[in-house]
Amino acid sequence: MEKNQFSIFETELRVRPDDIDMFNHVHNSKYLDYVLAARYEQMEKFYGMPWEHFTKQGLGWVVSHVDINFKRPLLMNDLMLIRTGILNMNDKGCAVQFEIINQKTRKVASDGIFDYVLIDLNTSRGTKVTDEMIKAYSI
Amino acid sequence: MEKNQFSIFETELRVRPDDIDMFNHVHNSKYLDYVLAARYEQMEKFYGMPWEHFTKQGLGWVVSHVDINFKRPLLMNDLMLIRTGILNMNDKGCAVQFEIINQKTRKVASDGIFDYVLIDLNTSRGTKVTDEMIKAYSI
Amino acid sequence: MEKNQFSIFETELRVRPDDIDMFNHVHNSKYLDYVLAARYEQMEKFYGMPWEHFTKQGLGWVVSHVDINFKRPLLMNDLMLIRTGILNMNDKGCAVQFEIINQKTRKVASDGIFDYVLIDLNTSRGTKVTDEMIKAYSI
Amino acid sequence: MEKNQFSIFETELRVRPDDIDMFNHVHNSKYLDYVLAARYEQMEKFYGMPWEHFTKQGLGWVVSHVDINFKRPLLMNDLMLIRTGILNMNDKGCAVQFEIINQKTRKVASDGIFDYVLIDLNTSRGTKVTDEMIKAYSI
């Protein structure tokens, strides 16, 4: 993480009962939803350029690639700390690293990288990330 | 895919309305659920050693790592072909490649690799994949 | 059901592994999603006036009230028959009765009534169901 | 609500991005999940007889009937107050009323009644609610 100038931000979230699956663990696909929820909060709270800033312009960030490790299961009612930070960002999109910490054990439940591209919601095609956007996220 | 002796199996599945998200696409985390549904069917139908064979012994296959590309969005009501095949398998677990084809366009909506480990459902810890299991899945 | 002139239509659907919850049953809220999936298919297949007919006009059917009985749990991989039929329909909306049959046991897993209103997707407010719509659904 | 001696308890919860559907509203079935999350928290926090008290004895509360009104849509990121209270309780189960308030507008997004029965998790059959349980919940 020393290689870049981007900050790491933190969001706290609690497991909901409907996230639990047949193994009595959090279902694996829900981890992607947790990272989305954390990024959503952080876009508004820390970058000052929230999700709605893009929606209003007919734009949206969509995930093009995920690399995720499931290290230790999260259980019913667990409280998580979700730490995310941009790894790199250019006019096509950005890569965001994350880790989900179980607050009870302080151990990593999951980590990985999401690649995002900016799309035009009308055409569903990729569109240019502007310098203004890159600047807002370069903190 | 020529590098190994494992077969590729196919499952057909249709997008459900509740899979659609704020972008009017299939929500990204649902793709993981589609691969799970395909593997579940294929374990029973093609390998003759279904999910329940493991559950009855107090065992379960859990995902330890996912690498997934989101290439083209799936939309409401789309019919998919989910093709999966084992890449490698040993006494710890296995790697399964997949691709999700949109039946309308015949193009790849998503592809990637799931790594699975076999766990003891009582302890949540990894347990040995037996030779019998490896043999059943080596088709 | 003899009291009205509306038909009952049937849709077959299979439980997906991600529908299973901490009780190893289908999670209760998923039953609502199954009814939605059935109505979606039936709008296209039987009424000849699909979901997209409304979407293109900036309209959508949203649920205003649900009364649902959970009678017998659905389990992993169960195959369902979802039978639905309009109870009554006017210029505000319609009431749709449903029952979900477990194909293995032929017993009712769940039944109830959904009330729908037609809304303008731009304003999120109720809008008039036209005579043409009522006619298409009066079969 | 004056007719019974049971208290109303409150839980705060925020809409997650993965709860949003094709209408850019919270998907209707998620409201059931919100009520479950609220009851789960309240069982531990206010009644002193949490979910796990039942699970350890091989018991679980399952929903047998839901009557729910969808009054005003919840949107992305909305903060909710979920107020629930027991309407009546006997040795078979209990009825719980709820309302979900949108904290931004202070208006009711949804309200209704859940009926719960206590089941034996091994047999999936109804089992007797003990006097001790009724006493713990009679506050």
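Letters A, B, C and D mark the chains in the order given here, with residues in each chain numbered from 1 onward.
Quick note on the criterion: contacts are C-beta pairs under 8 Å (C-beta built on N, C-alpha and C of every residue); 3 or more make two chains touch, one makes a residue touch a chain.
Please read these numbers as outputs of a predicted model, since none were measured by experiment.
> Comparing residue numbers, which of A-C, A-B or B-D shares more than half of the contact pairs of C-D?
Over half of the C-D contact pairs recur in A-B.
> Report which interface contains more C-beta contacts, comparing A-B against B-C.
Between A-B and B-C, the larger count of C-beta pairs in contact belongs to A-B.
> Which integer distance in Å separates the CA centroid of chain B from that of chain D?
34
> Centroid from C-alpha atoms only, then distance chain B to chain C, rounded to Å. What do you get?
Distance between chain centres: 29 Å.
> Return the distance between the CA-based centres of chain A and chain B, expressed in whole Å.
24
> At least two other chains touched by the same residue of chain C: list those residues.
Within chain C, residues 17-18, 29, 33, 76 contact more than one other chain.
> Help me check something: in the complex, which residues belonging to chain C touch chain A?
By the definition above, chain C touches chain A via 17-18, 20-22, 24, 27, 29, 76.
> If we count contacts the way the header does, which residues on chain C are in touch with chain D in the complex?
The contact residues of chain C facing chain D are 23, 25, 28-30, 32-33, 60, 62-71, 73, 121, 124.
> What part of chain C is in contact with chain B in the complex they form?
16-18, 33, 36-37, 40, 44, 51, 76-77
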